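We just call them A, B and C in the order they show up, numbering each chain from 1.
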Amino acid sequence: MVATTAANEGVAIGAVELRDIVVHYDKTIALNGISLRIAPGEWLGIIGANGAGKSTLLRAIARLVRYRGSLKIDGRDTESMPRREFARMVAYVPQDPAFPAQMRAIDYVALGRTPHHGYFGAESAQDRERSAALLDRLDMSHLALRQLDAMSGGELQRLVLARALAQEAPILLLDEPTSALDLGRRVEALELVDELRLERRLTVVSTLHDLTLAAQFAERVLLLSKGCAVADGTPEVVLIEETLNRHFDVKVEILRSEENGIVVIPRRTKSKGHRD
Amino acid sequence: MKMFRSGLSALLLLIGVVFWSGSASAGGPPSTAAPHFPMKVQTPNGVVTIKSQPRAIISLSASATEMLYAIGAGSQVKAVDKYSNYPPKAPMTSLDGFSASAEAIAKYKPDLVIVSYDPASFRAQMAKLRIPVIYDPAAPTLAVAYAQYIRLGRATGHLQGALKEVKYLKSRITSIVSSTPQATPGTTYYWELDPTYYSVTSSTFMGQLMSLLGLKSIADAVGVNSNGGYPQLNSEFILQANPTYIFLADSKCCQASAQTVTARPGWSTMTAVANNRILTLDDDVASRWGPRIVTLLQQVANFLKSQQG
Amino acid sequence: MNPSPCRAARSRRAVRTSATSSPVSARTPILVTAVVLLGVTIISTAIGPANLSLTTVIGVLLAHLPFLHFHSSASAMDQAIIWQIRLPRVVLAGLVGSMLALGGASYQGVFRNPLADPYLLGVAAGAGLGATIAIVTPSGFAELLPLAAFAGGVAAVTLTYVVGAKTARSSSSPSIILAGVAVAAIFTAIQTNVQQQHAADLQPVYSWILGSLSVATWWDVTLILPYVVVSAAVLLAHRRLLDVLRIGEQEAFTLGINPNRVRLTVVAAATLGTAAAVSVSGLIGFVGIIVPHLVRLTTNASYRVVMPVSLLSGASFLILADLCARMIEAPGEVPLGVVTAFIGGPFFILVLRSRRSHQGVL
């Protein structure tokens, strides 16, 4: 297995293996035994209706919720892995990141270097160089000294990405990375993630509400419903009408376009209202 | 400690008392007949009617307790509060003059209650229970203290005893003062109420007693009426003022003594400390305006004599 | 023809930042506040109800420096005033002020709440209870008081943590704060009860609660110095971690930090230091909230700056406040807690109004 040899060599390459992950929230079961393997460099898009468990699954992988079952990264069990080491392997971008108003962009990105510091977090010149380089890569060098409260939504989106990349972790978890962006910014952001994924050989796991974008960018799609994995495969395989009708409780039409892949069109149940 | 607390209220009452003290001294010729009840007693807060000679008096004022026993009304005292520790035979209870509950007092079935502190609506509650209350706060002057004796004498049927006591006090004070050599002008003292340097000015009751002996409080420099006569002094100032004598009125509450004072950093540079011109007073004696003021005065006078001899 | 501004914006090229764009610099603010502290210390030592000239003061101070062999011609009393009475008071004010301000900044960092102050988890109520018990107990007034106050403060916060950690799934900030409110209420109720039952001692209890340094001695300084030094060292060491916590506990987790452990360590250190400080000074309020905010408004919100600068500014602030406390009604004293509120409040309002209104506080 590629994953285990890499682990033996001590090189992180970003293979994720989940086995029977179960998550409880009080009395309800949020994830009911999810098992899957994610290959290094893959982009897995997790889709599903509200409450299906998409965010929960992501948070389980990020070790932000308590779960039963096993999570292995590059063949290594993560249960007893120290948090700092884990943070060098998995970077997590939440749906609503907090942006302290008076922090400067460069300092915000530098936070991503925390897992590479000692306990009391003294940063080195190398850390600062890397943060600056990331800002540059994301076309934000001119914003380096700007405070977060003076930046637009799109800029903040890229900034969070920069911070996550600063962790230099091979696995990138994105929870609804485009929810606050307009259409143009959405495409921009996802293109950027794809570029970086290929550039740096990142494994990307994202949750996305927009099924069309999910189909366009993720190589593999996992459909969750009520805490269970009900479909797993390429977008063509997963995004078919009956499946979506059933699990999203909505009638859809699927268009397959040569250039743009799969387009999911929701159907209105009633025709547009007319005034008589 | 008690008078210190009532300092501010004492100041406010000064106005009322000034009017009253006039009527007190003009209270008519002393009657040699047996006390006749019902009695209407004049107080600064109005007239208190006492139906018959009280036989179950409750005193919630340590000074009043001492006065009652001094004028001969001790046998009529049924209960005293927990601070009334003199005379020892007074029937002490756990009543507290500062948080007296009308119910708790009523349980003793008193026919007269004496307080030196009047929390809100206490007297009104007592009035509802038809229990007469005499409110005698800390006396700001000797004249007011004497008037309190007279009032208690009238209220308890011991006017004769009260007059005798007042006469005795006056003569004792006069003799103590005259037998003490006149202090040289500029003789000062530092009167310590607590180890955080609260003191008394010459305008307070104790300050006035000390003035009789020709002594001036260093606290006067702050303003004679500062904080009602009980200002907190700065220790630098105390050192520099270099008082002739030091009187410690916090020996019981706070273990102050000549030794502790000498041990205070910097205090050994004061001449009073270096020459041990420190007098330790009993906290209670030094804070009450009852019959033991002559004890206090005598103690200070003896101390002054010994210092000069 | 001028290109439209929209087109110009689209074609804006990225400007490369220098590879070593610096982190938030704390050096200048620290230097400035240190110099201010030095100045304030000298001024405060030179002024007092006992009118001593500046040369006398400096002479006495020099005479006490170990290697100079300088002899002061001041009288024994003047020397005692400066060295035994005034200087320990100034030093104690500095220690207490620095600890309260640093503790306040630390609590604000760990609870991400601008109103958090070092008394949040009950240390004030606990110290108040300890002090009250010591005052009304009829034995050993002077020496027992600081120890009782310290023990009370530490006990209260410990109880808060025990209660708070048991009542939530994870010991989260809100649950601990609520536990702190409850514990503080209980301790305050007990304290008030004890105080009322010993109404004859009302005055010293209130005096302590209002805060005062009027009886400061070198003994008090040596008593609290180890706690303040250790506490400050631990807290300052955590300043970068507090910066990371600014993005929230969840995100901090994903960056490899354990927010619970950071919170516990910071709270423990701040509590020890604060309990020590109030044990000798009484409950001086206001410093822990206002000083860190003043620092944020005038410098930077990063804890790398706020923590050390708050430490130095808190010292200056309280030294000046104490100077007022002993000079306003000289030779009488004004309670220190009253002064800190009276001078701090309006000053803070002034600074608040002069800054841009949208500047955040965390």
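Just so it is clear, a contact is a pair of C-beta atoms (placed from the backbone, for glycine too) under 8 Å apart; a residue touches a chain by one contact, two chains touch by 3 or more.
The shown structure was predicted, so the numbers you read here are calculated from the model rather than taken from an experiment.
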Testing understanding: with touching defined as stated, what is the shape of the graph linking the protein chains, line, ring, star, complete or other? line
Find the most central chain, measuring centrality by the gap between its CA centroid and the centroid of all protein CA atoms shown. C
Based only on mean CA positions, could you tell me how far chain B sits from chain C in angstrom? 43
How many angstrom lie between the CA centroids of chain A and chain B, rounded to a whole number? 81
Junction residues of chain B, two or more chains touched: none
State the interface residues of chain A toward chain C in the complex, per the touch definition above. 62-64, 83-88, 90-92, 94, 97-104, 106-108, 110-112, 114-115, 117, 120-123, 125, 128-129, 131-133, 135-136, 139-142, 144-145, 149, 167
Quick check on the complex: what are the chain C residues that touch chain B? 48-50, 75-77, 79-81, 83-86, 88, 138-142, 196-197, 199-204, 207, 212, 214-215, 217-219, 326, 329-333
What residues on chain B touch chain C, complex-wise? 1-2, 4-5, 83, 96-99, 194-198, 221-223, 226-227, 231-237, 239-242, 253-255, 260, 264-270
Chain A touches which residues of chain C in the complex? 12, 14-24, 237-238, 240-241, 243-244, 246-248, 250-251, 253-258, 296, 300-302, 358-360, 362
